[in-house]
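Common to both upcoming complexes is chain A, partnered first by chain B, then by chain C.
Up next, the complex of A and B:
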């Protein structure tokens, strides 16, 4: 069930009606929410809903165990149980996502040395959203162990945290503390949440259907037949890809956040205008923020502490491992691994120059716009990201090299034009750029409306957004890129 | 809660006001468009008056030269075919819109496997091109209902024109050669390297077959002389692809003109633009042959 489909709309309206009909009974409301989440997840795969339930119960019991031993001040046993949780979480990820990749890689790596092993590729179906909910599960036991939260006594509340339907498929990856606090409170219907949430859903739909899906038509036409396209077309499509990814994933995140808000939950933000930065650290602090903050807290910081004796080299090692994890989190492929390492390498100059822990601000001129040197730096980071996403977009390394082969060999020929698609995408992309610029550099400056219309700002914005989606949108129920992770 | 309901009611009112305003603007642009496909579709649905009409998909669009038929048959002729692997869902809706305005004397329908087989690349979505004509005829509405988007089209005028704004805005910049009367010539000669016959390993789609039969019946009820026709391919599959339409034509006693394996064309790259479409020269020769057959 695609989130921007009519089927989801009917599902959501049905859930909403019953959810708030039982708002006076918090327990009932939570049970209904959980049932809705499992029903939603089972639409993707019934068997995998079973796995989700199994992992949820397992981690709930593990959390209970960790809490039990911490209360008894037996930290060693608590640590063992926490590690068991981490091993189960990583084990599930490894088994479903990486086993075939590692086995096949090992077989092919050692075969030149005369050792011939055989590996029959396992026909494994990766549970949808596995990378998202296993991270939530692991953070639960880790947070109990580190004393950040207490064990959740109510299994329904905990199961809601893991299976919460707006975020289970593609995040944002929520943390246990804020979510469990909210799920254990009474959630009454709040008209303000509805108004804000509804606007965020519409904005997400606009990003997805009017920008991402339009750009996808153009980019796919070139990337799927790169051998027949000119260098200029491939370069242009590649330059559009980061923007396409941003619109697609930020679109999903906006919709998920909006749906959650209408249900009374404030979930983690995922994007904050990621291209208005001047270094790679800035980019990752604004791109897929819920994942990067998770990895910072549970991977980078512990590693950095572990390697602190090595000084700057230790920090470099920690960041390289962290970025490799980010790359591999997306899937078992050499392209993702290199994507992570590539981004890690861009951190090294920052660390060497001592700029890693500093938040570098963009210098603005008197009118509030970035000065030319900073504008060039932003463009430079966009190019760095573009190259990385070319790796990300390639099905394998062969395709990546073939694309570059086409770029170097197809200098003859002009730009592939699909005027209708390009103009549609350009109009909507300009709207997104305008909104991002306003929020980044002119947050207090609102779009001017005459006094009589100011009273109806929300209504006018919503009506215009709906008409724009209908006018520029692609209504093919295209799946989101991050759905596959 | 009352305030929220008021918000929603105002949004609905504003939405309909904007939707109708922009929708009417888009409809105007659609109708005055000169250069694009929109002109062709709009004209075929709303403005044809000719005695002889050609209906079909891209092979029809490129193969039948109205001026040849007008000269040979002494009648007015328009090629109302459209490219984009259109199928019977679109053709039948278009027929409904045409018949809601007038009754042509003769229709020649170029049939394609997409009109009766369950092809993965040409399904009900092809009728979506009829969205701007929602409400024009019962048949058109029925086809739009099959796409599952009839009510969204009914509710929103803007949605009927989704994604077309750039081409509508530029639709008045040039002008389509109207003397061609719907025909779209292809210039170029087929490169025969690596060509293989196109196969159609798809099951029959009964819904499409039923619509094809209704197409025939509707024409017969209005006393329109209908011919089902198959034009030549450069290279043909050995299987009997057109068995279904041939049987339907036989059942309803209408002519089935089969030039699929016509030796005048098959294997002659100089008459083709690609393996399935005749070039300008091929289309003129073919139209002369067909016009003589229709005259008989």
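Up next, the complex of A and C:
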């Protein structure tokens, strides 16, 4: 069920009506929310809903165990149970996502040495949202072990944290503490939350349907037939891809955050104008923030602590491992592995010259705009990200090299134009760029409206967004890029 | 060493490492209250504190701190 579909709209309206009808009974509201989440997830795959329930119960019991031994001041046993949780979480990810990849890679790597093993590729269906909910499960036991939270006594509350339908398919990846606090409080209908949530859903739909899906038409036309296109067309499509991905994933995130807010939950943010940065560390602090902050806390920080006696080399090792993990998190493919390593390598100059440890702000001129050197740096980071996403977008390394082969060999020919798609995408993209610039550098300046219209600002904005979605939107229920992860 | 003295020594380390002479710490201070105290500088600060006090923290101890008070408690226990 796609979040920006009519089916989801009916489902959500139905859930909303009953959810707030039982708002005076928090327990009943939570049971209904859980049932709705499982029904939603079962639409994708009933069997996988069973796996989700099994893992949820397992981790709830593990959390109980960790808490029990910590209360008895038996840190060793608490650590063992925590590690069991981490092994189960990583094991589930490994089995469903990486087993075939690793087995096939080992078979092909050792065959030149005369060792011939055989591996029959397992026909495994990766549970949708696995990469997202296993991270939530692991953070629960790790947070109990590190004393950040107590065990959640109510299994319904805990199961809601894991299966919460607005975020189960593609995040944002919430943390146990803020979510469990909210799920254990009464959630009464709040008109402010409703209006803000509604605006965020609408904005997300605009990003997805008017920008991402529109750009997708152009990018796919070129990327899927790169051997027939000119170098300039492939480069142009590649340069559009980071922006396309931003609109797609930020669009999904806005909708998820909006739906959650209407249900009375503030969930983690995922994007903060990621291209207005001057180095790769800045980019990752604003791109898929719920994933990067998760990995910072549960992978990078523990590794950096472990390697702290090694000084800068320890930090470099921790960063490289962390970025490799980020790459592999996206899937079992050499392209993702290299994508992670590629990003990790860009951190090294920052660390060696000490910039990584300093606050890096963009210098602004008297009118509030970035100065030319900083504007060039931002453009440079966009190019760095574009190259990385060309790896990310390639089905395999052969495709990646073939695309570059086409770029170097197809210098003849002009830019492929699809005027209708390009004009529609350009109009909507400019709206996103305008909003991002305003929020980043001119947060106090609002678009001027005549006095008579000022009192209708909210209604006018909503009306413009709806008209834009109807005029420029692509209505083909296109999947979100991040649903595959 | 008194708790007050530990706090003063930790405050001095923060000022030197983060290059800010105006940092004032108390038990309730968190990373959000101190400019530049992030996950990265945190590890740097930990390494300097270990040398300064001649102690070693476990990973669990480091990851469990919520504020300066928690950090001082751990140091107090170890010296």
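Note that in this section the second predicted complex is superposed on the first by the 485 of 485 C-alpha atoms of A that agree within 3 Å, B and C clash if a C-alpha of one lies under 4 Å from a C-alpha of the other, contacts with A are read in each partner's own complex, and residues count from 1 in each chain.
Heads up, the rule we're going with is that contacts are C-beta pairs under 8 Å (C-beta built on N, C-alpha and C of every residue); 3 or more make two chains touch, one makes a residue touch a chain.
Because the structure is predicted, anything quoted here is derived from the model rather than measured.
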{"item": "Partner chain in contact with A:420 - chain B first, chain C second, else both or neither", "value": "first"}
{"item": "Which of chain B and chain C A:401 touches, first, second, both or neither", "value": "neither"}
{"item": "Partner chain(s) touched by A:472 [first = chain B, second = chain C, both, neither]", "value": "first"}
{"item": "Which superposed partner A:464 touches (first chain B, second chain C, both, neither)", "value": "first"}
{"item": "Partner chain in contact with A:54 - chain B first, chain C second, else both or neither", "value": "neither"}
{"item": "Partner chain in contact with A:376 - chain B first, chain C second, else both or neither", "value": "neither"}
{"item": "First (chain B), second (chain C), both or neither touched by A:75", "value": "second"}
{"item": "Residues of chain A defined as touching chain B within the complex", "value": "189, 191, 194-195, 214, 419-421, 423-424, 427, 456, 458-460, 462-464, 466-467, 470-475"}
{"item": "Residues of chain C that touch chain A when the two form their complex", "value": "35-36, 39-44, 46-47, 59-60, 62-64, 66"}
{"item": "Chain B to chain A touching residues, read off their complex", "value": "1, 3-4, 7, 10-11, 14-15, 17-19, 22, 26, 149, 156, 158-159, 161-167, 170"}
{"item": "Chain C partner contacts - residues on chain A that touch it in the complex", "value": "75, 79, 145-148, 296-297, 300-302, 304-306, 308-309, 315, 356-357, 359"}
